[in-house]
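First chain A sits with chain B, and in the next complex the same chain sits with chain C.
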Partner chain A sequence: MGEAVVHVLAALAAFLGLFVVFARNPFTCAFALVGLMVCLGGIYGLIGAHFVAALQVIVYAGAIMVLFVFAIMLMNLNEEESEYSWGHWRTYAALLLSAAVFLILGSGVNAWLSDTRKPSSGVWTFDHVREVGGNVVALSGQLFSKDYIQFEIISLLLLVASVAALILAKRKVD
Partner chain B sequence: METGNVLHLLSAYLFCLGLLALLLRRNTLIMLMGIELMLNAVNLSFVTFSRELNQLNGQLQVFFVITLAAAESAIGLSILVNIYRNFGSIKTDRTTSLRG
Partner chain C sequence: MDLFEWIALILKLVFVLAAVLNTVPIVVWFERRGSAWMQGRVGPNRVGPFGLMQPIADVIKFIFKEDFVPEQASKFFYHAAPVLAAVAPLAAFAAIPFGSYLIIGDRQVPLQIAQLDVGILAALAFAGLEVYPVMLSGWASNNKYSTFGALRGSSQMVSYEIGLGLALVSMLMIYGTLDLNAMVKYQEQTLWGFLPSWGVFLNPVAFVIFLVAIFAETNRLPFDLPEGDAELVGGYHTEYGSTKFLMFFFAEYIAMIMASSLLITLFFGGYAPLPGMKAGVDVLASALGFGSVGTQNLWAVVQVLSMIFKVGCVMFFFVWVRWTFPRFRFDQLMDLGWKILFPLALINLLVVAIFIAMLGG
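Moving on to the complex of A and B:
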């Protein structure tokens, strides 16, 4: 049952992605992206990455996209005249380049799937994660023991980014 | 089709859509959304590999990527506000001060 739901969510995400790229109205793009992120959050939850699913919905669909919608409302974006147009050579160049990248990535995926010498699998099987006490417990155990330096560095990055955003959004730097 | 294969293909597809949004659109806001879409595709790839190889490192990496995306969008949007103040528009074909 879970597998079928994952497939439906994947199809829905693929469909919403087209709206993000081709919709003329920025609001349509933003809300399609919110829907896509919620779909991805559902997929993460169904394949066992519960903490990442929660982060996806709270941080991505909740915080980042609200910031985008605020930015759209801050600037009046009613002028549609200078958007992309079918028939321009740049449109076809962009489509061609994206298709080429898709072919490269697809051949990479194909090589991975058909490779028989896969790396040895780790210890965190579904049953082992359940024994430890769930995905969040296992993940936080790793995060605050093995990866704590990266955790501290990323907090420093957030501090720098918030100061930079403040300076940039001010009207004049004295 | 097996779930892992579907998710790997979806990841590649979403990455290409993000790239297309970045190349095709003239609206800077939607170009930023394209970058977010590419980051999401990479996150999906991380989680799928983490599930296939029974490891947690991929999920930890996603944690860092999401934090990075939040910082990136905060800075990107404040740069956008500045572009809007200086040019009165955020379309890339209006911001032509550096064109020779």
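Moving on to the complex of A and C:
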């Protein structure tokens, strides 16, 4: 039952992904991307990673895409539709690049699938997660004990990035 | 999952859906009669006793109105918006517990649709999608007033989500869990022997921030600028009529009920009945001659009823505030969100963290 729903969601996500690339209206693209994020959240939830699923929907669908849609609404990008042409060199570069990324990701997934269906050791095995009582406990145990220095460094990095974005966006620093 | 669990799941889904959708007409009736009462008017009192049939008459009126679509509207998104508006808050109910568990045969049936260890995050994820119908309807209607309403609505919801999230983080630090059921268990303890250890007593500042933020998130007065009828005709749903408007109308109340359920689960002990009721239920169960199974089932029913009672109290508060406060100006709204609630929530977070560290977690 769960596996069938995963496949349906994956097919839907792929379909929406095509919409993101080929739709003429930027608003449609953005909303197809929102749908894609929600589908991915559903897949994560069904394979047992509830925490990642919730974060996927909160962060990507609920926050980042809201800003995307907001920008599209404000900037009225409809002129872009007519100007787009397939002959530009950037189109071919993008096609080449996405093919390369697809090959790398696909070979990774293929290797993982042919190896074994689940990790066999460490904290992320299904048995260990069940033992400690859920994803959140397993993750926070890692995050606040073994990996806390990396965690703090990343949060510092994000803070610096947001300050930098603010400075860049401001025309005149007073 | 076997047949028993499937049937239990479907019955729970039907119960929650029926409870939520049937609460809406009662709240609408109360809003109209309550507003009249607060303003010294009579209110709708012609249809049925005390005007109780008024919501049914309203719905029939909506269904028989002309179902129009604006000429320049983007058809797909125009029709998708009201559906999404009702679906997003309804989905959030899946994570909210409305009782502990029933015992049927020799099996426990937890009174919560999805037992997730990330309960609160799942509810927030679906609640966070509520901003899309506002944007969609505003953009798809191709109307200036709708677009203004959508821009106001989305910026307001995004701004207040920050204060809401930070207030929530301070509560998560106190409870030490994301599981809503475990939060209710925590709040069943007592403070100093007499006070229930509800979130509102442990962290009143977070409660105030959360309360203000859910008013902004559900677009209720004094923060109903996205619909501000005096300036924007009807805001993002200006171009909607008939049953499509009815969907938006329902969605607003569903979102209010969902926000109230979250509020009481975080700050008012969730489905835990008022202190002292446990003894009353025990006396009643022994008078009726129930065994331990019967007592637990009776107790679960009392929990569901207390949940409904508490949600009703918060809904009363929603209506009360609506007819007491005037609408904010938009810059005042943004100032409140960014310059008052956001710093206040950060300071509160720090204070709570210091307290927890001093008390040794």
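Going forward, the second predicted complex is superposed on the first by the 125 of 174 C-alpha atoms of A that agree within 3 Å, B and C clash if a C-alpha of one lies under 4 Å from a C-alpha of the other, contacts with A are read in each partner's own complex, and residues count from 1 in each chain.
The rule is short, and it goes like this: a residue touches a chain if its C-beta (ideal position, glycine included) is under 8 Å from a C-beta of that chain, and two chains touch if they have at least 3 such contacts.
If you're wondering where the values come from, they're calculated on a predicted model, not measured in any experiment.
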Per-residue contact with chain A, leading partner among chain C and chain B: B
Touched partner set for A:27, first chain B, second chain C, both or neither: second
Chain B versus chain C as contact partner of A:13, first or second or both or neither: first
First, second, both or neither for A:41, with chain B first and chain C second: second
Which of chain B and chain C A:55 touches, first, second, both or neither: both
Partner chain in contact with A:63 - chain B first, chain C second, else both or neither: both
First (chain B), second (chain C), both or neither touched by A:74: both
First (chain B), second (chain C), both or neither touched by A:132: neither
Residues of chain A contacting chain B in one complex and chain C in the other: 51, 55, 63, 67, 74, 135
Sites on chain B touched by chain A in the complex: 1, 3, 5-10, 12-17, 19-21, 23-27, 29-30, 32-34, 36-37, 40, 43-44, 47-48, 50-51, 53-57, 59-60, 62-64, 66-75, 77-82, 84, 89-91, 93-94
Chain A to chain C touching residues, read off their complex: 1, 25, 27, 31, 34, 38, 41, 50-51, 53-55, 57-58, 61-63, 66-67, 69-70, 73-74, 133-137
Residue numbers on chain C that touch chain A, as the complex places them: 1, 74, 77, 116-118, 121-122, 124-126, 128-129, 131-132, 135-136, 138-139, 147, 150-151, 154-155, 158, 161, 177-179
Residues on chain A engaged by chain B in the complex (per definition of touch): 3, 6-7, 10, 13-14, 17-18, 20-21, 26, 29-30, 33, 36-37, 40, 43-44, 47-49, 51-52, 55-56, 59-60, 63-64, 67-68, 71-72, 74-75, 77, 79, 82-84, 90-91, 93-95, 97-99, 101-102, 105-106, 108-109, 112-113, 118-119, 121-125, 128, 135, 138-139, 142-143, 147, 150, 154, 157-158, 160-162, 164-165, 168-169
